[in-house]
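Below are two complexes that have subunit A in common, paired first with subunit B and then with subunit C.
Now for the complex of A and B:
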């Protein structure tokens, strides 16, 4: 049997009676240095299933209903409560700082499509992506260069949109995290840590950004537990 | 919700997996649920081995067409064989190959055996 970790919560919050996690095991608390770990006993750690992933997220959301937790990545187990406590104590000050940072906040996620900046750029990119096998070496190199330029242009556009979105939401966002441009899907995911009482303002700010900068809607999801903000911010 | 914002469909599976599997706090524990050994053909969501963005980066987007993962599925994919179908088909093929292999090796056992120097 092992101890499965769901999230860390500031002291003083208990799982609701009857809350269960992986395998239907009851969720309990392991405390160390002012941080509570929400865990459950795991008897069979064999196979990862969708039900496991859903159960993990459900426990994190249950914690979120009380106070913003630091959600743990799926799949982490410890030999026993003592092993977990030792790990928590090793990072005690950092974890407390991160918990304080996310307190009262939620993660909002914007997924947007990075459209080419002009019709000309779009046409050029479509030509490069739909081109058949080039018949000569010169044609191959030209095609490779066109694709490289299209990707670079999309990356620049993504940077531009990120900066413009930041201008709109900076007043209500504590931190920002971004995934690399997905190519050729040309999607970018931006996550924001937003105070819970500012979520409505945040949504309006994103709306303003979309109206000004984009021709297509964005996918806005949240509020989530701050999965993207569990580590120290870079820089 | 403003009209230019498309809300995610609740806490959809794809959104959950994107977070749970690829983000979140990692402290010094063991990853005992063996993601590397996930049975790809029987676990419905192969996203368990990589996030959506990473999957798309390497050209994997099959999950878009998996009827168990998406609300709307093109008809050409709706009738696609399931993982269980593929697995059982694979087993049948392997059994036939084994049978063919043992039949094909019969002359060796009954005829000339190669010497150690051959």
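Now for the complex of A and C:
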């Protein structure tokens, strides 16, 4: 039997009666130093299946309905309640600070296509990859330079989009986090921590930005629990 | 229509997995994400890229609208091409 962790919540919020998580296991609370961990007892370690990911998210959403939690990354288990409490106590002040930081807020996520400016660069990258074995030193250097330029162009475009969007939403965003570009960098993912009572204003600002400045559709998702804001702020 | 719905559902799933599996608080415990599941994340990212193109036309018709399966996820159409 292991203790599976869904999220941490400030003390005083209980799971609704009958709430279940992975595999239909009941959700219960383990308390330590002013922080409540919402957990389930599992017979195995909770494999990463789609059904389990949905169940994990559903419990976090249930917590979110009461108070903004610190959502745990999927798949964390502890030998027993004592092991979990020791981990929580070791980081007690840090966790309390992070809970205070996200209180009353939600995460919104925006995915923007890096194209079209980098489309040519990406096409160049594709051609480079298809000609994977340059026969001369000159060809090798040209290939390396083309790859470098393509990556630099994608990074510039991502920086530009991030800055333009920030100008539109800064007034209602507490913090911003950007997922590192993964090559080939066709999209940039930006996460914003937004006060819940400002979500409508945020959505409108993003919508206006997209309508005014982009030709590609943009994926906007949220409100999520603050999955991207559980660690210390960067910089 | 079926294909579009499937694309929407895949997009919703991709977004869910990218939050639940790839982000969130990590404290000292045993994290059970295996190599196969990391591959699942990569699949999720590529699903986004292809799905967003598939739903683009419908999103442009509707304006902002939730995709099937999760009311947290919307596709906002960009401005019209000249």
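What we mean here is this: the second predicted complex is superposed on the first by the 199 of 235 C-alpha atoms of A that agree within 3 Å, B and C clash if a C-alpha of one lies under 4 Å from a C-alpha of the other, contacts with A are read in each partner's own complex, and residues count from 1 in each chain.
One rule holds in what follows: a contact is a pair of C-beta atoms (placed from the backbone, for glycine too) under 8 Å apart; a residue touches a chain by one contact, two chains touch by 3 or more.
None of these values were measured; they are calculated from a predicted model.
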### Query
Looking at the overlay on subunit A, is there a clash between subunit B and subunit C, or do the two fit?
clash
### Query
After lining up the shared chain so the two structures overlap, which partner does A:166 touch, if you call subunit B first and subunit C second: first, second, both or neither?
neither
### Query
In the superposed arrangement, does A:113 touch subunit B (first), subunit C (second), both or neither?
second
### Task
Based on the superposed arrangement, let me know which partner A:42 touches: subunit B (first), subunit C (second), both, or neither?
first
### Task
Go through the superposed model and pick first if A:186 touches only subunit B, second if only subunit C, both, or neither.
second
### Message
Taking the superposition on A as described, I'd like to know which of subunit B and subunit C A:223 touches: first, second, both or neither.
### Response
second
### Query
So, does A:212 touch the first partner subunit B, the second partner subunit C, both, or neither?
second
### Superposed model, subunit B segment overlapping subunit C, candidates 20-28, 74-82, 92-100 or 110-118
20-28
### Query
Which subunit A residues come up in both lists, the one for subunit B and the one for subunit C?
2, 5, 7-8, 45-48, 50, 53-54, 56-57, 70-78, 83-84, 87-88, 90-91, 98, 109, 182, 187, 189, 203, 206-207, 210-211, 214, 217-222, 224, 227-228, 230-231
### Query
Considering the complex alone, what residue numbers of subunit A touch subunit B?
2, 5, 7-8, 42, 45-50, 52-54, 56-57, 61, 70-79, 83-84, 87-88, 90-91, 95, 98, 109, 179-180, 182-183, 185, 187, 189, 203-204, 206-207, 210-211, 214, 217-222, 224-225, 227-228, 230-231
### Message
Residue numbers of subunit C touching subunit A in their complex, please.
### Response
11, 13, 15-34, 36-37, 40, 45, 48-49, 52, 55-56, 59-60, 64, 72-79, 81
### Query
Inside the complex, what are the residues of subunit B that reach subunit A?
1-8, 11, 13, 15-17, 19-35, 38-39, 43-45, 48, 53, 56-57, 61
### Residue ranges of subunit A touching subunit C (in the complex, touch as defined)
2, 5, 7-8, 45-48, 50, 53-54, 56-57, 60, 70-78, 83-84, 87-88, 90-91, 98, 107, 109, 111, 113, 182, 186-187, 189, 203, 206-207, 210-224, 227-228, 230-231
